[in-house]
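Going in written order, the chains are labelled A, B, C and D, and every chain counts its residues from 1.
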Amino acid sequence: MILILKPNPDQAQISVLIRHIKEMGLSVNYSEGSRTTILGLLGDTSAISPADFEVYDIVERVQRVTEPFKQVNRKMHPDDTILEISGHKIGAGYFNVFAGPCSVESETQILEVAERVKQAGASFLRGGAFKPRTSPYSFQGLEAEGLKLLLEAKRQTGMPIVTEIMSEKHLDLFADVDIIQLGARNMQNFMLLKELGRSDKPILLKRGLSATMEEFLMAAEYIFAGGNTKVILCERGIRTFEKMIRNNLDISAIPLVKTLTHLPVIIDPSHAAGRRDMVQPLSRAAIAAGADGLIVEAHNNPACALCDGAQSLDLDMFDQMMQDVKRRVAFEGRQLQ
Amino acid sequence: MILILKPNPDQAQISVLIRHIKEMGLSVNYSEGSRTTILGLLGDTSAISPADFEVYDIVERVQRVTEPFKQVNRKMHPDDTILEISGHKIGAGYFNVFAGPCSVESETQILEVAERVKQAGASFLRGGAFKPRTSPYSFQGLEAEGLKLLLEAKRQTGMPIVTEIMSEKHLDLFADVDIIQLGARNMQNFMLLKELGRSDKPILLKRGLSATMEEFLMAAEYIFAGGNTKVILCERGIRTFEKMIRNNLDISAIPLVKTLTHLPVIIDPSHAAGRRDMVQPLSRAAIAAGADGLIVEAHNNPACALCDGAQSLDLDMFDQMMQDVKRRVAFEGRQLQ
Amino acid sequence: MILILKPNPDQAQISVLIRHIKEMGLSVNYSEGSRTTILGLLGDTSAISPADFEVYDIVERVQRVTEPFKQVNRKMHPDDTILEISGHKIGAGYFNVFAGPCSVESETQILEVAERVKQAGASFLRGGAFKPRTSPYSFQGLEAEGLKLLLEAKRQTGMPIVTEIMSEKHLDLFADVDIIQLGARNMQNFMLLKELGRSDKPILLKRGLSATMEEFLMAAEYIFAGGNTKVILCERGIRTFEKMIRNNLDISAIPLVKTLTHLPVIIDPSHAAGRRDMVQPLSRAAIAAGADGLIVEAHNNPACALCDGAQSLDLDMFDQMMQDVKRRVAFEGRQLQ
Amino acid sequence: MILILKPNPDQAQISVLIRHIKEMGLSVNYSEGSRTTILGLLGDTSAISPADFEVYDIVERVQRVTEPFKQVNRKMHPDDTILEISGHKIGAGYFNVFAGPCSVESETQILEVAERVKQAGASFLRGGAFKPRTSPYSFQGLEAEGLKLLLEAKRQTGMPIVTEIMSEKHLDLFADVDIIQLGARNMQNFMLLKELGRSDKPILLKRGLSATMEEFLMAAEYIFAGGNTKVILCERGIRTFEKMIRNNLDISAIPLVKTLTHLPVIIDPSHAAGRRDMVQPLSRAAIAAGADGLIVEAHNNPACALCDGAQSLDLDMFDQMMQDVKRRVAFEGRQLQ
């Protein structure tokens, strides 16, 4: 962290400031140029906020120099993390497809979808029981009943399941879920992050719609800080000015995540555009850019889906897409799980 | 809601689509131009999502025509809502200043600040007990202990208090709080919104950093949908590309909120910029644009504040600011509470 | 400028890098922490781009520490600039209203509008002759003929005029124009900026829709670099995610500009929202926040305006607005020109 | 285009409005729902601006229903456009790589780079003579001299060249250039667009940093409107909140462009991130998503490049990248030109 001082700073105030810095257990590098004086802070500044120093009248600006995330930082853990979850490896060349409906709607529906996506080559079944909806008047998911149906589909097909949690109060209900998803709108629900940090479940952490990479990784750091190191990152589209698509896939997030952290990263091409016709090109781009997997919405009857039908593939489309995915994963020298 | 069809749509598919629309209890206005065919949906579409129709192959795009929010919509309730909370009126010309430290740190601190901001003219004491921090390694607030100190300050000064809730599990702890604040990062924490909707406490709802006005008002609608109509909106800065300030006050939100809804709206100039030197110009702009109040950070010793010191006024600055606020509120013909 | 090195940088490469820095006439401050090594560059780095150093393999990131703008920087020129243009002072407490139609449409129109806005208290007549339109099929302005009509209005009313230039080729046509406006979409049209820098005309520089403050001031710096120091900055709304308004007034730009530079700054509330009903609240906010003036669209018959009718006030509305402006400018202790 | 009226609109005013619409040669579809009245406009609305109707007091909002672009619209021209330029086909499966230095710096440099990128498989030589720089104090390119050097490289290597124009005044200098590039910051320089529309040169049109797809295609429409139909679109990264990269490649732009228009689209992975280490993953994503080509910065000595060295590949890296590109273009069943 560096502190850029205002022109002609008062020496007495500099002394006060330096004393404060040293009391925090940090050392100081003092640099006085013709136009600008800079104090460099040496030591662990991850718990320090720039605002702690911006408050000083002589300080013009504070800039971070090192990333504030530690345990998820690749610098602390140079090798790729490989998670082993319910018989599947995730990360570092092991490629997984998570597929299923936006919402669990009935036993028939979830079983049919589960059977078909399994045959097509998906390794995990996804499905929403608790649904975050922008309107209180929209279908909110089957909730606990939906979770039971997912677990029944898991029992009958042997597919491990991933589903979204929306409340700290529900954690017990998720005891037999294989991966707990934390949704984009809850990426900075710090209490829920802490609760998930205390759990031993793998967490699929979705990036917030306008979150920077640093904020995304700090959310993962929250889970690590609680002791849970089983985190899969998921980029699902960011908000941009484009009005023709619902969100905008941030493809750069893949190489950026790979540089900054050791965690696996998967892509959600369904939410990333909100349009079924863009699922395939975005999936292809994600595989080529180095993603560790895809999470895709597939439904037995998208026109009657209780939410997000427009972005769901029907089961035949999903079959075809998986043919394409297999060819491409093989081309990249990675291994479909 | 209107459905814009692709060129040369199949008549049989149009019939299927129209049947689906009618089954939802809506009527259809059919309009065929030289280049485009449009179906207009007549009836209450607030529970319907555009995605329900985008799924049809013949549909190119779906556009909302009416706002999806109902109970908070000014069209349903033309008069300004005036809330009466702990002896203070809020809204429609009654102007309130909420002031206090970012975090409650000790009994001495919160009492000193409370006494001083009360004398200066603030009507509510604000202070954080549970603090949303981007880093798990930063100070997280005094939590339940902080709430107790706030209540003690309320007892001694008679000032009603507002403080942030971060978890559904904590609702019982907030029984004697006058206004519960829901923070920007939890604006779409739908489970917490539902819980607050079932409570009878006034809610100070902060706008998310990248939330549109529609999303902001839909969050308020969630609270209304649960039966709680005591909502105060708070604009606290949005994320823009500007790097020199932390957030960017959306001044247009004031007239926009006034047009779209009947609820009061206050401004947080402290978080809006993250810089103490901008609190006054932004407060002045907010008063002139028609805000119903301000929520301002004031601290007895900003340089030692445990968070956000850089944006806190010290108590003398707050005194001076309140002199200016009083002159301006009077100039606007509004009434300081 | 500081260079943050990757972990465990090679000493030989550091030497190469330091030699390169010294060859540029700069000194180096070397700081080695436990986790990070930083090189601080001492000297004038305004002509240096971060990319010059990011190219080195051992460099992780480069951060600017001082602003890249020099002549427009308040640090180099602490006092407010006051421009004197055609008998009116602009800046530092002298408040000007620029008013007129979006486009000049006819002699009758421009004369009627000019007479009325002058009576109402505007000091400059604005009007578009060359119009930047997003569609090539829309009305593009009366062009040279429009300029003639503006000059005729100037002759008859004595009001100085401001109008937009869109091409370096047209500079001769603007010989009798009092202030040349450079539009938002041309804010980084560097050739035109250079041309305006060589001219001796006052320039009204509009901020680009997504320009940062630094980019905005660097555009002004281009004009200064050519020798022309008569620049008025104009904030006219930035692009945000809000769909209910065309642009979004960046009210923070006013105090930010005042801190960073000595130049006057005015606000365009008409383009800032694109809606007539928001012109007044935004104007009030701008005056309160410290703007040096307003540029407002006023039209004798907005419903028949050839462009932007929706944001134009009619002449009676403008009269009323000016009553309000006068009261507020007086309240702020500033002087209407 | 549809007009959404305010609640309980006055019938007399509706009549005035409908008369106005009919005078514009359009028909009206009138739809009155329980809460909302809508007027649908039938006919060609591409030259009409929403603001033309927003000006009416009874109109609440105006929404476009058809795209405002016509000649570049795929609906008017369903087949992919294939351009033939200097012996190379571009579009519809013909894949081109444009490579070369950010700036032309010397004859030796440009010749060495040209030879090497040609051998590696690039079809066009790119290089900047006129350089748009954010600082007036940075190197601005060799200008006319740089163009001469590019033409010399073309003569010696036979490679066609693409280079950026920054001024309408320079068009004559570009007589022997094969493709004229219009830069991102000039995407809405309407005068230059018109000039290029009157030329018969192929135009490489770069997307503005915050331009929507509609604005991008309207810029192309400007060129078509002047009679020039040889346009190649180029996505080069958009501005997002991410601070770790300079821009952010909008990968969705590829399938979106392919849906909306018949024009070829290429990707600039060098500017899209501003970091050399991201050129390869972004190029791979672009090929997989269906791009018609890449424009890549390659330099004989990036550490001494006069601009943008950080994002330039050196010539060996470019060789290696081209091996990868060839494999991938073949895998996609496309044909490298």
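Quick notes on this structure:
Rule of thumb we're sticking to: contacts are C-beta pairs under 8 Å (C-beta built on N, C-alpha and C of every residue); 3 or more make two chains touch, one makes a residue touch a chain.
Please read these numbers as outputs of a predicted model, since none were measured by experiment.
In this structure, the chain pairs C-D and A-D differ in their number of contacting C-beta pairs, and the larger number is found at C-D.
Chain centres were defined as the mean of their Cα atoms; on that basis the chain farthest from chain C turns out to be A. Chain A and chain D have Cα centroids separated by 31 Å.
Separating the CA-averaged centres of chain B and chain D is a span of 39 Å. Centre to centre, using the average C-alpha position, chain C and chain D are separated by 26 Å. Among the residues of chain A, those in touch with two or more other chains are 210, 239, 241, 243.
Of all residues in chain C, those touching chain B in their complex are 210, 212-214, 238, 240-245, 248-252, 254-256, 259-260, 272-273, 277-278, 281-282, 284-290, 328, 331.
Touching chain B in their complex are the following residues of chain A: 20, 46-47, 49-56, 68, 70, 132-138, 166-169, 185-186, 188-191, 193-194, 197, 209-210, 215, 218, 221-222, 225-226, 239, 274-276, 302-303, 305, 307-312.
The part of chain C that touches chain A in the complex is made up of residues 2, 4, 7, 27, 29, 31, 33-36, 38, 40, 42-44, 63, 65-66, 75, 239, 241, 243.
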